[in-house]
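Heads up, the next two complexes both have subunit A, just with different partners, subunit B and then subunit C.
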Partner chain A sequence: MNSKSTTHRSTPWCRQVMILLVTVGLVCLLSGSAVAQDVAVATATATVLGTISVSATANLDFGQVLQGVETATANNTANAAVFDISGETDKGINLVLILPEYLTKTDGSSRMDIIFSATDASVDTTGASSPTTMAAGKGWQNTNPYSLPAAAIIGSGGTSIYLGGSVRPSANQPAGTYEGDIVLTVAYNGS
Partner chain B sequence: MIIDRNTTRLKRACATGALSMVIVLVLAFWSLAGVLVAPTTAIMTEGKRTTRLTIKNPSPDPKEVEVRFAFGLPESDSLGNVDIDLRDSAVTDPRSCMGWLKAFPRKIVVPPNGSQVIRLVANPPENLPDGEYWSRLIVRSSEGTVSPPPVASEEAITTRLNMIMETAIVAKYRKGESVARLALRDTTAWIDTTFDRVSVLLDMENQGNVSYVGVINGRLLDAHNNEIMTQKLDIAVYRDLKRRLDFPVSLEGFDGPYRADIEVTTRGRTDIPPEDVIPGNEFSFTTVIPEDRRR
Partner chain C sequence: MISSTNRQSAMKKAALVLTVLLLGTASCVLAANYVVTGQATATVATALTVTATQELDFPLTFPGQPSTQGITHDDSTGIFTIDGEPGAKIITTFYLPEYMTGPGGDRMTITFGATDCAIDTSNAGTPAAFGDGWNNQNPQDLTAATLGADPVIGSEAPGNNTRIYIGGSIYPSIVQAAGAYTADIVLVVAYAAQ
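For the complex of A and B:
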């Protein structure tokens, strides 16, 4: 009787244990599959390499130039040249601009003076690439393009250089298109 | 289970959002970027005389790229400002390898959204003494997307300025046992009232046979040991170098005397693969910032 009773009593207990085990098993199985859906495990190897990128996003634009009239473009106007530099944030960079002394007529027959003053460049460490909106204290404003700041860094959004200048056509400067090269060289100074 | 499903959905939504944001940021970056060069340091050795450089053009226009070698080391003035004077010719430095490094190809057109590999090969002279030899690879590209202003009439004068970009990458060749060792000759610290910053100048001398490439880590502390600011600066000391670590911070609200804990180590460079860094000696020191030494 006791035995029966025990057996009788043990049946629901076993069922409860079975139900519990099945439930736990299902939960484990389902949570396992859920995890399997969330996370795919794979083995991969990669070497992270440092990068650096320089681009020119705007040309130095003097518009139409008149004979005998000096024409200037300020570095905080929409006509300023814009270089953008990107790479690892806060890395020190060495910046060198090589600027022309004159522009040459495309057929090589004539030259026109181009002048860059000691305040014709700005270095914007916000990388905003917007010469008209550069905020004070976010780099170097109106600095010497022939000697850009040695403490320049790549800001979190990059670094931009804005360049202005002026051209001095003579009174009898022949009409035509005059061209020259502006070269920006960038190097990490901690390598 | 319900919680698990909700968590899963939340995770997926977050992951999708983050991925979308990353894609948008990457696309935004690439749409503006010029030629991208990687890595920024190319190392060759006796056992591995070649290496590769990848030039990527993320723009929709083809880019003409030209490479050449130059020589230039980081050099400093008395205030710790660093300059690299790149020279293409008349280089007589015995540690220059620009004469016996070659790049293939030297002129390429990188297709839109494409990339091109440049192979660097070292052909060192016989009986080259052990040590490290240095050069810079200049990657030159011009911006093809900036168009010249139209000529309004035959009588008009217009200008066209070609925007040319150069990126100088370090190229090194190592032979024999490499020893990176740096000595600290002198330090100076001061409060720079003009720029609202505290500066620590380190005068260092390379005593190894390779360039000492590492970092300066600095902590600025007040009189009560409160950390005011931390700073980190990458350095490459080829012979001797003065580097200034600036803490751009106003000291208002902090009690003096102030001091800076400085550590110099070859660990912690994030731009160079660890296998290319020669582990060197490390040193650290504490310098008190004299409050009467304000500039």
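For the complex of A and C:
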């Protein structure tokens, strides 16, 4: 009974010794392999451009309009909408305007048509931010707001977009204040 | 051998990792676009209203005897009152009848002369005391070309209005049926380009 017990205990001891030896051997083998390898380290680099900032600094203001009388606001007047864009100078940007088809009376009870022609926008790359001083040579004058220039860039002083349009009140348009959202999306285009 | 439970657990983890990666990718794309919202605003001015304040009322007449009603009678000259945005230019157009209809459908001729209309923009005038504007005008031609300018709504004060006075003439025949005769006088008013 005792001898069996002794034999039973000695077997794991032997295995432990063998496992230890094998492990040491493998470590030596692997460390020898590591010495034989060559290692090179490359660096991944990237520069993130200055963050774009875009703000709506003036609303497109038609002021007081009369029933049945189409009223236009030009993009070179003080009542034009102004969007200012800043970011990395001389980098190309994609500009997309999402324009409303109608203005809504503030109490939601009525709509009034608003239209934008193919010459109702200007893109000023001098960043002057003043529609009244916009002129040829300062970017794109009287361009299509539905398809703003693909070559637009952020000028050294920023870039501004000026937007005009027209409203068409019906002959029985209810009196009151009407509003509509104009959404500008700006993104770098990689150029 | 991987049990079924472990396989499901591994698949769930993989799906979770994939979802996180996709969300990360999507947020990167969104972050590259910068959006701002501006507004277009407009205020529709005071609604235009026109009211037939007083009928053009001809005095009693006899068969075969023409009768004229002038534009200076407070109680019988036709009066239209126009309210709207003070000072706003308007366009006025009359649609005038050629005859009046009476008993049994009998007709009686009515005409309007070249001085049978007045546009009073004073807000204080009456047919008998014309205030300011255009007096003795042709109701068939109230265009800016004829008047020299578009008429306006009253003076530059809220609540003011413009009044149009109209007269005319009737020509009963010698066999004109006795009775009351009526006809519509239509005045259309709209805002003009300012």
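Everything below uses one rule, namely that the second predicted complex is superposed on the first by the 141 of 191 C-alpha atoms of A that agree within 3 Å, B and C clash if a C-alpha of one lies under 4 Å from a C-alpha of the other, contacts with A are read in each partner's own complex, and residues count from 1 in each chain.
Just so we're on the same page, contacts are C-beta pairs under 8 Å (C-beta built on N, C-alpha and C of every residue); 3 or more make two chains touch, one makes a residue touch a chain.
Values in this document were obtained by computation on a predicted structure and should not be read as measured data.
> Following the overlay on subunit A, give me a clash-or-fit verdict for subunit B and subunit C.
After superposition on subunit A, subunit B vs subunit C: clash.
> Mind working out whether A:185 is in touch with subunit B, subunit C, both or neither, as first, second, both or neither?
both
> Answer with first, second, both or neither: which of subunit B and subunit C does A:86 touch in the superposed model?
first
> With the two complexes superposed on chain A, say which partner A:171 touches: subunit B (first), subunit C (second), both, or neither.
second
> If we overlay the two complexes on their shared chain A, which of subunit B and subunit C does A:129 touch? Say first, second, both or neither.
first
> Which partner does A:59 contact after superposing on A: first (subunit B), second (subunit C), both, neither?
It touches subunit B and subunit C both.
> For A:68, is the partner it touches subunit B (first), subunit C (second), both, or none of the two (neither)?
A:68 sits against subunit C, while subunit B stays out of touch.
> Quick one: is A:103 in contact with subunit B, with subunit C, with both, or with neither? Answer first, second, both or neither.
both
> Which partner reaches more residues of subunit A, subunit B or subunit C?
Counted on subunit A, the partner with more touching residues turns out to be B.
> Following superposition on the C-alpha atoms of chain A, which segment of subunit C from the set 27-35, 99-107 or 117-125 overlaps subunit B?
Given the superposition on chain A, subunit C and subunit B clash at 27-35.
> Under the contact definition given at the top, report the residues of subunit A touching subunit B in one complex and subunit C in the other.
Correct list for subunit A: 52-56, 58-67, 81, 83, 100, 103, 112, 114, 167, 169, 173, 175-188.
> Show which residues of subunit A lie in contact with subunit C when the two form their complex.
52-56, 58-69, 71, 81-83, 100, 103, 112, 114, 163, 165, 167, 169, 171-188
> Would you tell me which residues of subunit B are touching subunit A in their complex?
Subunit B reaches subunit A through residues 1, 4-5, 8, 11-12, 29, 32-41, 54, 72, 74, 77, 81-84, 86, 136, 138, 143, 146, 148-149, 151-170, 213, 232-236, 246, 270-273.
> Mind listing the subunit C positions that touch subunit A in their complex?
Residues 32-48, 85, 88, 190-194.
> Inside the complex, what are the residues of subunit A that reach subunit B?
27, 30-31, 34, 37-38, 47-67, 81, 83-84, 86-88, 90-92, 94, 96, 100, 103, 106, 112, 114, 129, 150-151, 167, 169, 173, 175-191
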